Structures are given as structure tokens and as C-alpha cells.
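Worksheet: the structure to be examined is printed underneath.
We call the chains A, B, C, D and E, going by the order they appear; numbering starts again at 1 in every chain.
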Amino acid sequence: ASGAPGATGGSTAAAGGSTTPALTGTITVFAAASLKATFTKLASDFEAEHPGTKIALNFAGSSDLVTQITQGAPADVFASADTKNMTKLTDAKLTDGAPANFATNTLEIAVPPSNPASISSFADLARPGVKVVVCAPQVPCGAATDTVEKATGTTLAPVSEESSVTDVLGKVTSGEADAGLVYVTDVKTAGAKIKGIPFPESDQAVNTYPIATVGTSQNKELAAAFIATVTGSEGKKVLSDAGFGTP
Amino acid sequence: MNRRSGTGYTGIPPWIYAIAAAGAVFVLLPLVAMVAKVNWPQFIPLITSESSLTALGLSLRTSATSTAACVVLGVPLALVLARSPFPGQRLLRAFVLLPLVLPPVVGGIALLYTFGRQGLLGRSLEMAGIQIAFSTTAVVLAQTFVALPFLVVSLEGALRTAGNKYEAVAATLGARPSTVLRRVTIPLVLPGLASGAVLSFARSLGEFGATLTFAGSLQGVTRTLPLEIYLQRETDADAAVALSLLLVAVAVAVVGLSYRRPRVDAAPEGAFR
Amino acid sequence: MTFQLDATLAARGFEVSLSLGPAETIAILGPNGAGKSTLLSIISGLLRPDAGKAVLGGRVLFDLAADKNIWRAPHTRGTALLAQEALLFPHLSALDNVAFGPRSAGASSAAARETAMHWLAEVDAGDLAARRPGQLSGGQAQRVAVARALAADPELLLLDEPMAALDIHAAPLLRRLLKRVLAGRRAIIITHDILDALMLADRVIVLEDGRISEAGPTRDVLEKPRSRFAAGLAGLNLVAGTVSDAGVTTAQGMVVAGHHDGTLGPGQDGVAVFPPSAVSVFLTEEHGSPRNSFPVRITDLEPHGDQIRVHAGGLFADITPAASADLGLTPGMTVHFVIKAAAIAIYPA
Amino acid sequence: MNRRSGTGYTGIPPWIYAIAAAGAVFVLLPLVAMVAKVNWPQFIPLITSESSLTALGLSLRTSATSTAACVVLGVPLALVLARSPFPGQRLLRAFVLLPLVLPPVVGGIALLYTFGRQGLLGRSLEMAGIQIAFSTTAVVLAQTFVALPFLVVSLEGALRTAGNKYEAVAATLGARPSTVLRRVTIPLVLPGLASGAVLSFARSLGEFGATLTFAGSLQGVTRTLPLEIYLQRETDADAAVALSLLLVAVAVAVVGLSYRRPRVDAAPEGAFR
Amino acid sequence: MTFQLDATLAARGFEVSLSLGPAETIAILGPNGAGKSTLLSIISGLLRPDAGKAVLGGRVLFDLAADKNIWRAPHTRGTALLAQEALLFPHLSALDNVAFGPRSAGASSAAARETAMHWLAEVDAGDLAARRPGQLSGGQAQRVAVARALAADPELLLLDEPMAALDIHAAPLLRRLLKRVLAGRRAIIITHDILDALMLADRVIVLEDGRISEAGPTRDVLEKPRSRFAAGLAGLNLVAGTVSDAGVTTAQGMVVAGHHDGTLGPGQDGVAVFPPSAVSVFLTEEHGSPRNSFPVRITDLEPHGDQIRVHAGGLFADITPAASADLGLTPGMTVHFVIKAAAIAIYPA
């Protein structure tokens, strides 16, 4: 897997440099909502680089997107926030070729800037009286939380198991909860409204973002070119600026 | 007229039935599609699973409570809006309707800003020892917030349509305003009030966004059936759809039962005796 | 312990002031749209006049003087209104409708129902107790509405055409009931039937165009009407104009000769009043002893008791069917109405 | 009565005002809290950004269209439910109400199952060259689906309250059912219809879950203002709240304008003239 | 070209069958709750009877025989109904209310308004054209409602108490208008006023308890009433019972002696009818030439013209005020009603 991005990255550079006239038309990219900022930037960069192309972006939760694609939505590219949802699509034989992983994300403890419960480690979250919110096990960040809990042997007693990272973040930024478990990238986006506390155990649960061309795509070439941009150096830069790790 | 023995007059042009049928089909088809998708062998264990039943119980309890809260708060609001003209009435009406347009998630955020620990009232409430966030109370608050406009609007329409003739008669017979309200106004607009309450209940039962944002999602405490469905969807959309049939069934039962056959004589004094 | 009212309501051209003794019943008569129902709405507190004041037994009902602005709510006024529409509560049985007033006054449910049953029986509607208003006929609903107003037992009873829609047996029955009930009670009754006024009221007030045009003891008003409307009630012809030595001169220049007692000076406003039986009908202008002969066009002929009533030129004459047939009267014909001056009473307007 | 010159009778007991005030505060406080949180220097560029304006325009257009669709489909449904008793009426009513209880996301999935390419009707539609999902039409369909019950329920309440006396009178004067509908029924229940339409519009304007699932979120095509707000919230919750103030402002304007001062003489024949 | 109706409606104990000639007007009289409004509702199609059939000018309005089940909708029947409540459309002006019928019949807006203006003027409500119903007085609304029914210009006009709520000048005016309009037209009028029947109708039908108790030309019914109700209308006393040689014996055993023409055999049902003026009142039982003397309890005394009407034991007597004062009559007293047998007419019930 580590070789693939490099290879495609190279071809993208070639495509950008050459005057290949093949890249025209429009593709629709279905991307996880957490990719909004990065993909918006990548898409506009791509359009600038390849005049005559248009990248339409459709953001929603990864599972929503999968449902939409399996129900025949006109998607060309699917970028998922976890491998589980991508697997649903490959199982349904709706991808064109194997998905490529283009980013990773790890958990971080988020606390309000004042850190009212004085959290400094993962173990602190299990202290009685600390109001912790986490993601529900059904969603990727919740699965990751579970993994970390198992790995550390710490059992959390959350006051709420949210269905998305955004909801966890919302509880922490509003000061409702004392701490929450979210992704590094979320802490970064939230800026001053939140303080991130990294913890070493987060390595135990790395979340991977895969991307793939949808089998029913009418413009696989353009789709492939966009995927190349995402997985290529330009994509890496934009993604890592946003806090994503590289797979 | 002809309420009992005849069906002499129903003034509905035939083409109205055609459109009504189209409308009904439009609403029913998606339900049929849902039912068609259900994987029945998987369905029974799913809806009888502990988490589903807990969520259903919580949903019914909180929806009933918030419907009651809507009636308590909404009937006075509708009365004031329909009966006593005052400056700023239009503005008040517009504001009361706002929870309708706010995307529920934003509504939830607004509630957090108000009743949350750091919110407008939160601090005072916390001093008073009241903790709302992450509790079942929060669920009820969220549901009441989104469902209240339904009751107010449909009741106000009914109150306006009914007019206040009978209330005035009651007053000339010596009835105090409270008596008039209890014995004349409310009984007369009962169909409107029932519609409103059913709408509120249904909206509360289906409420999801505001609850998620404001109250969180903890099994048995704040995870209502819609939240359970939403989570279920993360892993299996078809299962989520199946689970929502449970919600649908509950709603059909409640709505079906709450609209009794209109009383034979509920209509105002017959004109054609 | 009297009732006193002054009220104006510009939007309806209404300006009335009246008073009522402790146990007095007055009848309000007047043409459609005169303001009769408006008067009752104002008294009962359903309509707010522009200005005025009302006091009932020492209690101020309203006082809209600039510096006061007192306004008592309808339910604290001690008045009960039978409105022109029956308006029975559609969701309550006839019995509960009638029991509504007593219940509101604080009676127990059982006591209120007993009172209600009593009043329903009084209006001969006892067998309708369990019916909903939607299941009553027009006249039945009217009776229940009357019972409801009576059961409220107010200090001042306001009845707007209580006899409307009643059949020929029910109307006298109700009239007798009201006579009994109103003895020793304060009430205002609106009616179009002079018999109601005669039987039930101590005084009548004639309202026209929002103003009182006549008032006084019933018999006086009927014997000496001053308004066209009251004359119509009494079944008399009335011609209004200016008094001259010869009699009364109308705005159109018609002179009606008659006798007056000399207290009237020429130039004053006066009315000439005469019964239809005093009018003879001729086909041509005759010069005989009667000093009044007016050419008129017949608008209508209708039976009136065992006579024929001839309507013409705003006046009417009662003649025998035989005479009518002899003369071959038909609507549209021009005839002469001839009246002896001695049969015409002239007095101030 | 006393519609013009007097305010003689309004039968509202004083304590009703107190509760109404409490209700109003409950609804208004969260809005105040929202406004208090807005970062004004950031607000103006945010709401005037191209994506916000595009989304707002799309929202207004689709909501207006779906309100119209609700009126067209809902008025007949309400008439049939209110006026002509038929077997299974209660069931139909319950089913028409269902979109209310379905969590919007599930509603969206159900619509996909119906009108999607793989759906019940989707195949036939595709053969006919019609693609609904992920188009602006899909947005309108989703909004109509969730908003229709509002119109039906509030109008049915008003129709029942109004009764059919006047319709019967009109028929005896020789008016055909269509004429009766146009010249008598509709004018008489106008307040109820207005409430219903306003509710539908508001619900359409705030619609989010079903749209996201069924229509997707493509800028200029299907990304309505609530979807824009949702996405905004992924990055900045406060900005999302600020953006929803735009929605609130639009709604207040629409509701405020659509409820005109009730006509002086809209109430039935005065009882106390 | 006649109108023919048979209808039963068990829930209201209604069972009527009647027919109407091409240009005939009939008046329906009867006590409250007799089924008069029910009759009109059935004819106009607002109420569905349990069984029966109606045909208007060859067109079947309904036929509920088991194998037919024809039911014509109200708007295609060619009937127009003035219901007992005015029910003016509250959202339309008086003019538009009246124009509603012509508009529905397909007239242009301008033509309909012209027709409407004409009828409004006819009922003396031309100046109310622009008003909304909420701004009309009771009598004004009634006039507009009458104009609305007339403007619909139906094949069969159905009027339920058209004179209700009208003042003493408007009622005769409307009566005359109706007389003109109804000439050469088919109409059914419900009324409580015998004058309406006399002036407007060719025939009267008396409805009691949902059945026709009497029918015939107006004068005949008034001169020879067979029901208590019709006798009341005609101002006559009526005693029903079984014919014997002496006269009529009531169920209570009271015997009323009178003359009959011998065509009546003993044991048949018969009625004894006599005018109140034929009744004398005595304080004690006298034995004189009159063969009828009944002890009765006075329930009421009321003025009636220039006489006093004494109500007692379900009968009534007219005596002079002087006689009443002489005898010191008061309600509750027991007196004797004495009637000469010669004044009593007996004929079959």
C-alpha cells in the first residue's frame, strides 16, 4: 500500500506537467464531512490546474454516502472516513479497483481551554466526577475509543456516547462536558475554543481514510486524476496542514 | 346536518379525490418501499433487542411528557395570539414559529447556549442544584422546544376559525374567563387541540437533531428511538429502516387512537334541522 | 337602585340615554337596524361604546369619561343576555346549556341541573333536556335559549326578540311565563310585536336610527304616537309636518286638516294621526263635508281581519271586502283617500 | 363582534397571560442566547459569502415550490379527511402523519428506496428519462414529503371546526362542488390554510436530514441553507449558529408578512350586532 | 310538470307525502319541532331520508327504492333554500352574497351583480350592498338572505320563515314582494303567521309530529280546522273526541253538545269547534239554556284586541274588560265556561 500512492503521485505530476488534453468534464466526489475543508481546497486547486474540469463535492457522513451510492447516486469518487464504510462499498462491488488510503487520524483528548477537570492523561478520564463524552462504538471514532480502552485497560463511564465527532466537540466547546475523545484534526480545526491533550495510547487505534473510484463512474480518468492529487504530494501537504497523518 | 342518518351533502368535487389519492400515494409509497426492504428474519430480534426496547420506552415517556408540556405552554400562547390583539403580536407569532425553521441541530446548540453549564441560565440553574445536560430532562426540553410551534399554530388556526361568539355568550351568562376557557373555548376547539397535540407528539417522537446536540446519547437516559436508529444506520442502513418501522407502528397506533370518531353532535347548532 | 345608561357609538350612529326603575321592564321597539341589539350589546359589555356611562344598582358598569375609563367585564355586570341568535353551546346538552348560568354563579352541579330542569319545563322543553343543540328545531333551540337566560337569574335581564321562531302555541305560553317572571324584575325586551310590549312592559322606547324617537308608558305611546314607526305599531296613519292654522303641512306641501287643542302654535313641528278605519276610498275627487281628500296610488291590498287594508301613498285605509269589490280596486290604480277632519288628531311631534 | 370600534370582550383569564409569557420566554431565550454568541465582525462576510447566498437562494426557491406542492396535494387530502367519512379514514390519517415521526434521515432513505435509481419507481422513471435523486427536484420532493403532514393536519382541524353549514347553503343556491370549494370552503378556512402553509414553508426551510440523504449536498443544486449550516458546523459550530440566524431572519420575515392583520370582518356573521 | 314527494326519516319520526302543481305555492304550518325544516332539508338535498322518492318537473330528485338508490346532489335539483338561519357567507359582501346564485348558474360577474342589486333593492336593502354580514343587524341579514334565495331563481323555491326578525314595516313589504314574485311560481313557505298563508299560499299543509295532520285550501282549513293546531291558527277552540248523539265525548269523558249534519255516525272520531267569542264566563255553575258548562281553572288573562282573552282548561274565551273586572277574574280561579250548543260545529276529525 505504501508504494501505490507514490506511484500515482508521480503520474499526477506528469499529467500536470504535460499538456494531455484528456482531462475534461465534471466528476462528483462523495467525501466524508470531516474532509470538507481539505477537499474543498484540493478541488479548487485541481480545477485551477486543469482548466475545463469541474469537481462537484458532496459531503455527508460516510455511512450516508455509502447508502446513497448503493442506491444509485451519481458518484465518481468516494472518500470515506473509515475503512468499514469503504468495505461496504467494495463488498457491493461498486468500486473500481482497490481503494487507496490517503490519510490517517488518531484520537486526542479535547478539553475546554480552562481544563476545569485538570485532565492530563487518558487515565484521568476515568476519574469519578469527570464528565466525559465519547463517540458511540458504532461510529469510527467510537470504535477507536473502544480499542484504546481495551489496550489501556481503562474503562470510561461516559455521560454520552455521541454519534459523531462533531457532537462530541460540541459538548466540549460549550463547556457541557469536561473532556471528550476526538480526532487530532478536530482539535486543530476548533482552534482556540478547545485544548488538545495528546496521549500515547492513541497509537493503538489509528483511523485510516480510504479513497476509490466508484464503479459506475462515467469519467474514470478524471476520477483517477483527482484521486492521484489527493494521494499525491499536494494532497499530503493540505491534509497534514489540517492535522491528518500519512498512512 | 345529516350527521346521523344521511350522507346527503358532502361538497367535495370528484377531482379532489383524484388529487387526494395522488397525495396519499406520494406519502405511502416510501413507506411501502421501506416495508419491502425489511429483512423479516432479522427484524424480530432487532426490534426486540434490549437496546431497541429501552429506546422505545424512553421515546414514549419523553414524548408524552413533552406533549403535555406543549399543551400547558402552547394553549395559553395560542389563546393570546388568537384572541387578544396587542402590539408586537405578529412578531411574537413569528418568533414562536422559529424552532420550526431552525435545523434541529442548531436548535440543540441554542438550547445548550441557554440551559447548558456555560449557558445563559445554566449557571443560575447549577447554583440551584439543577443539572439539565445529559439528563432525560434535557430530552424533554429539546422535544418541547421543537414541538411547541406545532401546537400553537394549529390551535391558533382553530381558535380563529371558531370565532368568539360562544365565549361572549358564556360571559354574559356570568362565567368567569377561566370558566369560559374550560367549559366553552377548549371544548369547542377540541378538534384543533387534538390535531395540535398529535402533531406535537409525532414531532417529539421523531425528534433527533436537537436531542443529540443538547442531551447527548446514552442508553436508557437520553438515547431515544430516533437516536438508536441513527446509530444503527452507521452499521446497517437497512436495519435502521426496519427499526424505524417500529416508530411508524407506534405512531400509527397513537394517532389512530387519539382521533376518535368525531362526536355525532360536535358541530355547531345545525342550520338545517 | 336604578339602572342608568348613556352611550354613544359613532360607527353605528348610536346615541342613547335611558334609565330603568328597580322593578321595571321596558320594551324596545324599532325598525331593523335601529340599534336595538347594539344597545343590549353595550349594556352586557360585549361592545364598547365610544363614550358614556352606565350604572346598575350603584355599580358602575362602565364610565368612559376621559379621566375614568372604567370597564367592567361582562361576567361581573349582573346582566344576562338572550342574543338575537340562540347560540346554544353546541357541545353541551340542552340541560347543561341551561345549567351553565347557575354553574357559573357557583351552584353545585346537582343544584344547577335542578334549576335548569325547572326552567326547561317552564318553557315547555323538559323533554328536550338530553338533546344536543344540533338536534333541536329552530323553535326548540329558541326556547332553550330563553330558559338559559332566565336561569342565569341576573339583576338585569336583556332579551333580544325572545319570541322569535316560536309557534302559535308556544309564543303565548312564553309570553305568560315572561310576564310572571318579569314581575318585580328589571328587564329590557326587544320585540317587533306590540302585544309583547303591552303585556310585558311598563314602558316602551322606540329606537330609530340609533336614537330614541319616543318613550313613555306603553298605552300613551300607542294612543298618541309621534313617530311613523310607533303609529305603525298602533295601526294608525301618521303624517308629520309643520303646524298651521288649518292643520299640518307636510314638506311636500300637502295640508292635512284636523283638530288640535290650540296649545300648538303655527310653525311648530306636529303630527296628524288617524285610524285606517277613518279613511274612505273614492274613485274620483268628491267635494263633500270631509275637508281632506288626497289623490294616491294603490300599492297593495291585503286582508286584515275581516276587512281589506288598502295601502296607498304611504297611508292605509281599512274598507270592507264588498266595498273593495264594488270599486274594483287593484294595485296601481289612483284613488282618493278622504278623511273627515274630525277624525284626525294633531299634536306636537 | 366588536371587531371595529370596541375591545369589549376578550375572554382570556389573566393567569393565561402569565403562562403564555413563560412559553414565549422558553422559545425566545435560546434565540437570544444564539444572538448573544454571534461574532459580528465575522458574521457579515459569512452570510454574504457566495456559498451562503447560493444556499439561501436555493432554500427559498425549493421551499416555495414545496409549499405550493403541499397546498396542491394537502388541501384535497385535508378535505377528504375532514368531510367525507369512508372506511379506513383513520388509517389514512395516521399514515399521512407518518413523515412527522420518521427521523428525517430515515425519511430520506425511504425516498431513496422509492425514487432512487434502484428504487420502487426509480427504474420506471429512469426508463422515462427522469432522474430524480440528487437533483433539485429531489430536494423539493424531500421537503414536500416532510412538510405535507403539517398542512394536512392544521387544515383538517380548521375544516372540522368550521363545519359545513355554509357549503350546504351554497349548494342549495346551485353552486357546483368546485364552485363551493373555491368560493366558500377555501375563503372560510383561510386562517387555517395560512397556518398550514406557513408551517409547511417553515418546515421545508428547515429541512435537513431527508434532503441530505435523498438529494445529497451539491452546491447550487441540492445544498440548501440547512445543509450549508451543517457543513459549516463541521468546522466551526459558532459560525453555523450565526448562519442559522440568516435562516431565522428569513423565516421571521416570511411568517410576519404572511399573517396579515385578520380582516375586520373575517369572522362569521356577528351574533351581537 | 308537478312536484311530488314521499319521504320517511325514522330518526325524526318524519313521514310525509305531498305534491305541488306547476305554479302553486303552499304554506307549511305546524308547531315547533313538527318537521317543517326537515321537510325542506330533504327536498333541497341536505338531508337524506330513509326511504322515499321525489320528482320535480319530470326530474327525479331522489328515489331510494331498494333497487334504485338515485340521489341527485343539491346543486342540480333546481331548488333554492332560505334556511331558518340566515347563514350569509361571512366573507362576501351583501351584494356578492345575493349574486352568488346567479354566478353559480353561470351568469357573468356584471350580470350577476346587476341581478343582485335588483333583488337587494326589492327587499329594501339596496343601501346595504357593500356591507359584510357581520355588519348587518338581524333583520337586515334576514332581508339579504331572502334576496339571495330569490335571486337564485329556482324551479322550486323553499322558504323557511322568511319573515322572521323583520320589523313591522318590512314584514308587510316583504309579504307583498313575495306575493308578486310567487305568482306563477312553485314555492313552499314555512311560517308561523296565518297572514302569510292567507296572502301567499294557495294551499296550506299542517304538519304535526312529522306527519301531515291537515291539508287543503287555506280558507277551508281555517274555517273547518280538524287539528288543535289549525284551530289555534284560526283563533278557534277545538275539542276532539268520539261522536255521540249528544255531540262529542272526549277521552276524559267531557261531553260537548253541538250540532252536526247527521252524516256523522256515533263512534266516529270528530271535533267540536267554537269561537272564543261564543264562550261566556260564569263564576258558578248556572243552569240556563246553554247546554255546555265546564268548570275550568284560569291559567291566564291577556289583552286581545280590545277584549280580554281568558285561558282556562285548554280553552279560551274572549270577554270585555269590563266583564272581566266585574267578575274579578285572576289566574288560578276556577270558573265555568258556558257555550250554547248552537255555536258549536261538529264535524269529522
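Criterion: contacts are C-beta pairs under 8 Å (C-beta built on N, C-alpha and C of every residue); 3 or more make two chains touch, one makes a residue touch a chain.
Computed from a predicted model, the values in this text were never measured in an experiment.
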Graph distance between chain A and chain E, where chains that touch are linked: 2
If a chain touches chain B and chain E alike, it appears here: C, D
Per Cα centroids, the chain farthest from chain C: A
Centre-to-centre distance between chain D and chain A (centres being mean Cα positions), rounded to whole Å: 36
Mean-CA-position distance for chain C and chain A (Å): 88
Rounded Å distance, chain C centre to chain D centre (Cα mean): 53
Junction residues of chain A - those touching two or more other chains: 67, 170
Set of chain C residues in contact with two or more other chains: 37, 44-46, 73-74, 81, 83-85, 87, 136-138
Chain B, residues touching no fewer than two other chains: 1, 7, 9, 109, 113, 119, 165, 168-171, 176-177, 180, 188, 230, 233, 237, 267-268, 271-273
Chain B residues within the chain C interface of the complex: 3, 165-166, 168-177, 179-180, 183-184, 187-188, 190, 263-270, 273
Residues of chain E defined as touching chain D within the complex: 44-46, 73-75, 78-81, 83, 85-92, 100-101, 103-105, 132-138, 141, 148-149, 152, 154, 158
Of all residues in chain D, those that touch chain A in their complex: 105, 109, 112-113, 116-119, 122, 131, 133-134, 212-213, 216-219, 221, 230-231, 233-238
Contact set on chain D toward chain B in their complex: 1, 7, 9-20, 22-24, 26-34, 36-37, 72-74, 76-77, 79-80, 83-85, 90-107, 109-111, 113-114, 119-121, 144-145, 148-150, 153-154, 156-158, 160-165, 167-171, 176-178, 180-181, 185, 188-189, 191-192, 194-196, 198-199, 202-203, 205-206, 208-209, 226, 229-230, 233, 237, 240-241, 244, 247-248, 250-252, 255-256, 259, 262, 267-268, 271-272
Parts of chain A lying in touch with chain D, wherever the complex brings them together: 28, 30, 33-34, 36-37, 56-60, 64, 67-68, 70-74, 166, 169-170, 173, 189-190, 193
